[in-house]
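First chain A sits with chain B, and in the next complex the same chain sits with chain C.
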Partner chain A sequence: MYQENDVRDMVRAALSELLAAQGGSAPVAAPVSAGATLAATTVEEGFCPDVTAVSTKDEFHVPDPENREGYLAMKQSTVGRIGVWRAGPRYNTWSMLHFRADHATAQDAVFGEVPEEFPAQQGFIAGQTLCTSKDEFLTRPDLGRKLNDETKRLFAEKLPKGAKVTIMVADGLSSAAMVNIPDIVPAIKQGLKGFGIDVGPIPYVKYGRVGAMDDLGPLVGSDVVCLLIGERPGLATGESMSAYMAYQPSADRPESWRTVVSNIYSGGTPPAEAGAHVATIIKKILDAKVSGVDLSL
Partner chain B sequence: MKLKTNLLGKTYAFRDVKDVLAKANELKSGDQLAGIAAETAQERIAAKVVLANMLVSDVRNNPVVPYEQDEVTRIIQDDVNERIYEEIKNWTMAELREYILDNSRTAAEIRRLSRGLTSEVVAGVCKLMSNLDLMLGAKTAVVTAHCNTTIGAPGTFATRLQPNHPTDDPDGILASVMEGFAYGSGDAVLGLNPVDDSLGSVQRILQMFDDFRNKWEIPTQTCVLAHVTTQMEAVQKGSPADLIFQSIAGSELGNEAFGLTAQMLQDAKDLMATKGTCTGPNVMYFETGQGSELSSDAHHGADQVTMEARCYGFAKRYEPFLVNTVVGFIGPEYLYDSKQVTRAGLEDHFMGKLTGISMGCDACYTNHIKADQNDIENLATLLVAAGCNYVMGIPHGDDIMLMYQCTGYHEAESLRQLFGKTAIPEFDEWMKKMGLITEDRKLTKRFGDASIFLK
Partner chain C sequence: MSRGLGKDVLLSVGIDIGTSTTQVIFSHLTIQDMSSGFSVPRFEIVDKQIVYKSGIHTTPLLSPTRIDMAAVRGIVAGEYAKAGVDRTTIGTGAVVITGETARKENANEVVHYLSDFAGDFVVAAAGPELESLIAGRGAGADTYAKEHSTTVANYDVGGGTSNLAMFDRGRLVAATCLDIGGRLIRVDGGQITYVAPKIQELADSEGIRVRAGDRADIPTLKRVCQAMTRMLEMSLGLTPKSAFFPRIRTEQDKDIVLPGVPAFISFSGGVADHIYGSPDDSDPFRYGDIGVLLGQAIRESAALKLITRITPNETIRATVVGAGTHIAEISGSTIEYDESLLPLKNVPILKLNPADEASPTAMRQAIREKLEWFRLDGELQLVAIAFQGPRSPSFKQVGQLAQSIMEGAAELLAEGFPLVVISENDLAKVLGQAIRAALPGQRGFVCIDAVGVDSGDYVDIGTPTAKGRVLPVVVKTLLFR
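Here is the complex of A and B:
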């Protein structure tokens, strides 16, 4: 197995070869100008420090605090961005760039699209809600709760009727959350298998809101629908996913009919672990024939 | 009253005052979601033309929720000073706009005018204002309020120190409190949004805030933003609170969704008069936000600007020390992007001030809206230019509990420097006493060092 340093060296070597091939390691000649003489710029090897590498709990910029030890201890009690110092009244450059990087992560998760080939790669049956664009999805939550007609026909044709459990996947507010799917789906299936329950084909819904499970429920008549959906990202938590579960869901049921496991991602509840938990809850819902606030866990 | 107009060779006819108010709104995704927005840009202008020709009395006499049905409407209508209203009821809405913007207008004249306006009239004139109109109008409409200190005086600009923590951990909260005060934030209020709304937790945090404030002799206000009934119970049991907070809506139905009645607010205000730790007389703190009525299906077919104005008319009865709109919190289905959030922030601040309440703004955004920190710095800057009483202050603009971003601790002093303003005078003196700033308000090396409070 490669050590991290080996990989870094290999990348570095590959990069310098590439630069050499492009003449990139040679000094860049300054343009000739009449007055000023500009020095030649040398492009060096190596990387600028990753501004996101240090966690907010450990990032500290106050140059000469009255009580450094106390300040550092204080920072351990919160993930809030304190001890960040300043440039005049404004933010320190590095904490500012760290913040912007974290927001960029969240924005890319929301506004990025799940690759078209993703559902097929996962063996899912791909459909879509009434939303026809990301913009419409963000501004019309009502349309994101309804499957379009073609999808309804497709799901009615391809999905088994009256299954015990249907797992459903939707992009929701984070395309990046789909990274959890290859880990959580097998974990749920395996957990359910332990209870003697098999899961059939999995429908995938593009531009889906949580309420889309209420539209699927009556269509397939499953006892339990479990929707895996991307959560609205927080700063730097773009990959977070939730699992919503309901017994015989339909649009007539109240919000409180859903049972939810949230914060599923590598930095929260890891997807494989969450999958086992979700399977256990599904079993409880099946046994109790109720879900949400009526279900005692 | 006329409901029709010709514009650019087309005829436009509107159903009623409510329809005109909705269609005269600047474009908002929430009005589109509700299905009440103007369908074209031209129709929007036609509605503004019809609105500009209406009389103040036309707008007052057609509240968007009937008087008999709704206690918010009753409070707004019953609190109108009829003598002042008599003087202005035959003005057109255009004349009202021009009266407010007139160069000779004084703050006292606007305060007097406020008492003759209903919230629908306030919303109506807002819809005839450009963004710069809203700023100039608001700047004239100075509103001050007093709890322990006086907020809103020209030349001052305040912030709320919001030290939220995802588990209400006392050490974590206190860490953010120290950081905030080290940056000169918190002269409006030290106020926490608790995760845990239980009585014990609220009491514990109120006591912690009071102890810290007293230890460091900080001239400010304290508050824990739990449900009004929980805070009242805490105060009745002897917990120290300077302000009682509540989220409010612009209709009785909307308030029901918050588990709130007008009587509760009256009871809270009365309780604070006898059991609060503050000087007063202004002892209440409210938060609002365009779209909240629609989100609880309590908008009665009215637009979100009008419903927001009604929040302020309702708030006015309780003479609040602080009211702020949480303008970008609700999401893109109500305010689509930074342009709509900016407009809404300026509208809300103007409408609050014209209503006669001490208005601030939580200039903020969630992660699923097309906005970033630059946009929110822009809005905060426009608001301070317009004389906004306060904005929020949180560590680096990142709220780790509510999972949104708003103005950071750093913005308080940045904006004061930009506009040559000070903090609330007593707090400004405290900053000097603590050695955070020099006599001529230059930042010292202690400014931004929270560890000065580790004693």
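Here is the complex of A and C:
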């Protein structure tokens, strides 16, 4: 506090000199005691407003817009940050904070861990790739495509051989995307059941990348593997999930062999509805015995 | 998987039987998957191309109160032949019967007969407000409002009625119809041969004498046209409504209050060419009616000049273009249905309100109660159960929805009707699969989304297009009552 008062006195002295030089008079403020300063400074217990409480679609900072309603209506069609205004060439504080908050959400989704108990709660059979830590997962994509030996043994033992369809789940680049699992998995199962197809136990792979389905495929010999995996988040959401599907996947197949449905989350394609759609695609893959670009949808 | 592969072209027909003229157009509606190819498909109508426009025929009447059905059929058949169109290739379209013609004794019969004659999935549509909407869209007022993010009113001034539709950024916000038209006073050989009763009343209320048999005096008829124009001004909220105004509304019991004065106005219909300035106004009675004079009166109205005037895409053809190209919508792209049930025509809507949707119990109860509204002579009839639905439902919610719908509609199902479900939000595929899982036996159903409907609407659902991904849908706001 003494330091602060010292600084204030210095500023006042400097100002006095400046004003004197300009021919004005020094500020008429009386000397203030330390006690009076304490009384004037109030420390509030509280929080800054949550910058993310308002969606970017509804946030609008253009002063005196020509057509506010039109601009707001246009903003509803994009998650792009338009109408955020600026201070000189830079963002305003609010826009900057919102950007940083959304970026932090994305970072959390990537670096955050799926709770250890999650696979068991969902009744999944939990395994792991060759990655042993988040850092390794992020820096060694090749290891994220291979199941570790213990996992291979476990899956070979617990999963049925030669199933028509195996649903597989992996954290991928968003732990937050697992929020979609309780809605998408039963929707896929319901849809497949409608086609007379039952789905067996679901393997879960920690530190898994899309290529991990190519490692599982030959191991269990399923006709179709459908991998539900967290998407690399952007600034719109951290919860987006993709469903990758392939007919008899293996590491020998090209990337173009995969069929994908992306953007699955509450603000994109709702997970339950996406699951119903995924079930239909799986049926088409089974019928056509091809997937990816060779599959005519 | 990429854009463009899921593309389909629908041949659409529009037939407009109006007070003065009968017209036919054919157009191509292009339906394309607008998704990135890496997400769920999203089909949209991306292009509307008119490929054939008929001549403008005089609407054949047997008497002032009856339409000559055989002659209308002849006109339509002739235009199909001239265009080289086989009725079995028609994918969608609409027959509309507009203006005074819609009030002829046999209008209902004619329009339904023609819709069957025109193609399998051609709908019959009518009703003053729907007519306004169709003409407004045909004139392009909705597109202008959307593209310029503004409000636009279109007035379709025809022979028997004037249809007002107001759009706010593409969305219809108000529609009405007045008994004002260019053919409501007819003139032959310098003599007035016919004055429509309501126009007679209007003239009388203004102290202007016009009677059938009188000499066609231009200054007098101009005054009548100015009085008619004032009715249009009142409907737009430009001047206070007179005591007579309610009389001139086509639907006497429905008042019209616009949400505000529109920023722009366009005029379509047969009279419009004379509002924007016709190449030849020298003979005011060239059509044997007051159409030219009415156009001039509207053009010169000081009040109407307060709204910035824009040129419509179509004038006399606005309604037929609207009917042929702007009536059909398409459902959402993830849906479930049994093809054997399609097409479905004239299915009345049982709409649930937000309170009905609040809980599974409320929903079940509301469906049961509202089904009773559709009981005719003790017999239930096919209805479509429509609701908004949650934005991103959990799987559990979907199961409850399916359960509520099936329990609520148990009586309908027991009597052998198929289940038709329409939601606004994107959930039809998962809901449809849930219904399929729970429906007893091989009962048929149709479950679609991305379609907004209201109580009192009727819906037509066509046969699948774009490789079965989407169904063409026509929502008819008002049929004959």
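The criterion applied here is as follows: the second predicted complex is superposed on the first by the 226 of 297 C-alpha atoms of A that agree within 3 Å, B and C clash if a C-alpha of one lies under 4 Å from a C-alpha of the other, contacts with A are read in each partner's own complex, and residues count from 1 in each chain.
Following the convention adopted for this analysis, a residue touches a chain if its C-beta (ideal position, glycine included) is under 8 Å from a C-beta of that chain, and two chains touch if they have at least 3 such contacts.
All values reported here derive from a predicted model rather than from experimental measurement.
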* Determine, under the contact definition given at the top, whether A:W94 touches first (chain B), second (chain C), both, or neither. => neither
* **Partner chain in contact with A:N263 - chain B first, chain C second, else both or neither** => second
* Asked: Does the superposition put A:K193 against chain B (first), chain C (second), both, or neither?
  -> second
* Asked: First (chain B), second (chain C), both or neither: which does A:L173 touch?
  -> first
* After lining up the shared chain so the two structures overlap, which partner does A:N67 touch, if you call chain B first and chain C second: first, second, both or neither? -> both
* To do: Give one of first, second, both or neither to describe whether A:A279 is in contact with chain B, with chain C, with both, or with none.
  => second
* Looking at the overlay, does A:P182 come into contact with chain B only (first), chain C only (second), both, or neither? -> second
* **Touching both chain B and chain C, residues of chain A** => 67, 70-71, 74
* Asked: Within the complex, which stretch of chain C touches chain A?
  -> 1, 6, 38-41, 149-150, 169, 334, 336, 391-395, 397-398, 426-430, 432-434, 436-437, 467
* Over in the complex, which chain B residues touch chain A? Could you list them? => 29, 32-33, 163-166, 169, 171-176, 178-179, 183, 332-333, 336, 366-370, 372-373, 394-398, 400, 403, 405, 408, 410, 413-414, 417, 443, 445-452, 454
* To do: Could you please specify the touching residues of chain A with respect to chain C in the complex?
  => 67, 69-71, 73-74, 182-184, 186-187, 190-191, 193-194, 259-263, 266-277, 279-280, 293, 295, 297
* Asked: How about chain A: which of its residues touch chain B in the complex?
  -> 62, 64-68, 70-71, 74-75, 77-86, 88-91, 95, 99-100, 102-103, 106-107, 109-111, 138-142, 173, 232-235
